[in-house]
Amino acid sequence: MNNQKDPDIMQKVEVWRKPFIVGVMGGHEASPEILEDARRIGEAIAKRGHVLLTGGGDGVMKAASEGAFKAGGLVLAVLPSDRVRPLAGYPNDFVDIAIQTGMADARNVINAKTPHVMIAINGGWGTMSEIAHALRNDTPVIALKTPSIDLPHKGRLIASTSVEDTLAQLDRLLSKPL
Amino acid sequence: MNNQKDPDIMQKVEVWRKPFIVGVMGGHEASPEILEDARRIGEAIAKRGHVLLTGGGDGVMKAASEGAFKAGGLVLAVLPSDRVRPLAGYPNDFVDIAIQTGMADARNVINAKTPHVMIAINGGWGTMSEIAHALRNDTPVIALKTPSIDLPHKGRLIASTSVEDTLAQLDRLLSKPL
Amino acid sequence: MNNQKDPDIMQKVEVWRKPFIVGVMGGHEASPEILEDARRIGEAIAKRGHVLLTGGGDGVMKAASEGAFKAGGLVLAVLPSDRVRPLAGYPNDFVDIAIQTGMADARNVINAKTPHVMIAINGGWGTMSEIAHALRNDTPVIALKTPSIDLPHKGRLIASTSVEDTLAQLDRLLSKPL
Amino acid sequence: MNNQKDPDIMQKVEVWRKPFIVGVMGGHEASPEILEDARRIGEAIAKRGHVLLTGGGDGVMKAASEGAFKAGGLVLAVLPSDRVRPLAGYPNDFVDIAIQTGMADARNVINAKTPHVMIAINGGWGTMSEIAHALRNDTPVIALKTPSIDLPHKGRLIASTSVEDTLAQLDRLLSKPL
C-alpha cells in the first residue's frame, strides 16, 4: 500500500463542499476509441469540479479515472472486492478513495444509486445492470454508445453518440434541481 | 405473523433433496395475460419437483408463487425488505420460506445468482437488472415477452414467446449438466 | 453439481407450509464437543418440523446441517460465495437449498434477519457479527457457549449452557406469537 | 437537495491524493460527553489530512462529521438508505460525499472494510456488528468506551479510554505499513 503521505507524491486537490457526484460506468475491455471517450469524459468531470465515481477496475473505469485524476479531480471507486479478498486490477492506479464492499456484483447497485448523474459508456451485462438499477432509482443515465433498451424511462435514459453531446447533457442535467 | 403450525392450514409438501431451483422474475404490475402465463409457469415448476424462487412481491411474482404453491410446490422468496422494515405486499401469501435481506434492489443480485435457470416474464427495469446479473453470472435466462437486448450472451439468453416454449426450454436446460 | 434427480438418492421430505426457520450460526472450526452440540441441535430442529438455516460452510454450520439433513429436515444455506466465484467447502454436503449471494460477510446480515429464532454456538467474530445484526433486527438469539456482551437486549439475548436448555428456550420462543 | 454550487457555501478543501480513510462508528444516541469525544476525534482526523468515514446518521456519526467538516476535512458517509427511500437524518448536515446503498444494516460491512483504521465510540449492537466485521477483515479497531468482547483479535482490537489515547493509537497504526 502506498498510502503514506510521501511529500513527493502529495498533490493538492480542491473539491467543492457537497460536490456533484458523476458516475462513469463501462466494461473492463473496450476499443481504443471508447477508452479515449472515457478519458476525456473523466477529465471534463474533474474540470467541472464534480467528483468521479466508477467501479474501480480496468477498461472504461480506468480510462475515466485517469482522465479525472490527472486533471486534479477527486476519484472515488466502489470496489467489488475488499482488502482480505482482493481482485487483480482493483482499484486501478487512479483512485483516490476506494470503498471496499466485498459484495461482487451487488456493488453495481451502489454505483447506480450514488451518483447524481450516471454516464454509461459502451459496456456489457455489468453496465446494463447498472443502467437498470439507476433507472429503478431515478438516477438519470446518459448512455454513450450502449445498446438501446425498449422500456419506459420517464426521460431519464438519454442516448448520446459523442463526448460533446454527453457533456452537454450532463451540464443540462446538473443545471436544474435534481 | 401466521407462522403457527395451525392444523387447518398444514399441508404436506414433498421436495426432492437438493432440488433444482427455478427463478421466475417479473414486474409488480402486469396484464391478465402475463399473470396467467406466470401462474401456469409456477404450477409447471412445482409439478416437475423444482423449487420456485421469486422476489416475493406482487404481479408476476405473486402469480407464479400462487401457481406453484397451490400445486404443492415449495416457494422461496428473496425479499427486498426485512421484519423490522417491512414493505407492503412482501412476502405475498404464497411464499413458504422468505429470505429477509433488507437490501432493497441489491436482492436482485441474489435472485439472479441463486436459480439454476431463471425465467424472466415481461417486466421493467428491475427484471432487466436481474437478467443482466444472471448473464454476468452464467445463469441461463429464458425470456418470455421481455424486450430484446443486443449484447453477447453465449447462448444463455433464450427468447421465448409462449408458456409451452418456455417449459420446453426449461426441461432442455435441466436435462443436461449445468 | 449433483442436482440430478437420481432415484437412488431421492428422499422424501415433509415440510410444513410456512414453517418456522431456525438459524444455527457458529464458526468454521470447533471442538468435537461443540460440533456434537451443533449436530444434536440440527437434528432436533428437523424433528420439530422447522427449517434449518446456516451459512453453509464447515464446522458448526456443517454439523448442524448434517444433523438436520439426516433427520429428514429441510436445510437452507445463505452462502458468501456464488457459482462463478465458488469458495471451497460452500455449500457443505448437507444443504438442500443454497442461496447464492457472492456478498462475502454481507450475507451474515441475511443470516441474522431471516430466522424466526437464531441459535449461536460458540464462534468467533463472524458469529459475533450475526448476533449483533440479529439483535438490531429483533431476532431472538439463544447463545450457547458464546462470549457474553454487555449491551442492552430487551430480553432477546438468552445465554444457554447446554443443548437441552437451548431446545427448551427454542420451544418457548416459538410457542408464542413472535 | 442543496447540492448546487452556491458561491456562498463553497469552501475549498485540500485533500491528499490517496489519503488514509479513518472510520468513526458509534450510536445514534449518546451522552454529551461521548458526543464531545466524537467531535474532537473527527476534528483531529481532519487536521491530520485523513478522510473521515461514518455511517452518515445522528449521534456519534454526526458529531464526528461536524468536527471534521468544520476543520476543513473531507467527510464520507456510507448510508443505509438511498434517494428513492430516504431515512430521516441521513445524511447529516456535515457529509460531503454520501454513498447511497439502500442496503440497511448490510452497509455496516462496508463501514468496517473501507477504513484503514476504525475508531468505535461507545455504541450499541450496530457498532458491535461493525467491530466484528472489521476484525473479520483485518481492519484495526480502536475501541473508545465500548463493551469488551472476549475473542481473539491478533492485537487488532485496541481498548482506549480517552480521546488523547485514541489519537496516539491512531497515529501509531498509520505510521507503519498497514
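Which chain is which? They are A, B, C and D, in the order written, and residues in each are numbered from 1.
Definition applied: contacts are C-beta pairs under 8 Å (C-beta built on N, C-alpha and C of every residue); 3 or more make two chains touch, one makes a residue touch a chain.
Please read all numbers here as calculations on a predicted model, not as lab measurements.
Novice: Does A-B or A-C have more contacting C-beta pairs?
Specialist: Spelling it out, more C-beta pairs touch across A-B than across the other pair.
Novice: Using mean Cα positions as chain centres, tell me which chain lies farthest from subunit D.
Specialist: Chain B.
Novice: Counting in whole Å, what is the centre-to-centre distance of subunit A and subunit D, each centre being its mean C-alpha position?
Specialist: The computed centroid separation for subunit A versus subunit D comes out at 24 Å.
Novice: Nearest whole angstrom, what separates the Cα centre of subunit A from the Cα centre of subunit B?
Specialist: 32
Novice: State, to the nearest whole Å, the distance from the C-alpha centre of subunit A to the C-alpha centre of subunit C.
Specialist: Once rounded, the distance between the two centres reads 39 Å.
Novice: Quick one: which residues in subunit D touch 2 or more of the other chains?
Specialist: 82, 101-106, 109, 113, 136-137
Novice: What topology does the chain contact graph adopt: line, ring, star, complete, or other?
Specialist: complete
Novice: Which residues of subunit B touch subunit C in their complex?
Specialist: Per the stated touch rule, the residues are 1-5, 9-21, 49, 51, 74, 76, 78, 82-84, 95-103, 109-110, 113-114, 116, 136-139, 177-178.
Novice: In their shared complex, at which residues does subunit B touch subunit D?
Specialist: Those in contact with subunit D are residues 82, 85, 101-106.
Novice: State the interface residues of subunit B toward subunit A in the complex, per the touch definition above.
Specialist: Going by the criterion above, the answer is residues 103-106, 108-109, 113, 124-126, 128-129, 132-133, 135-137, 147-153.
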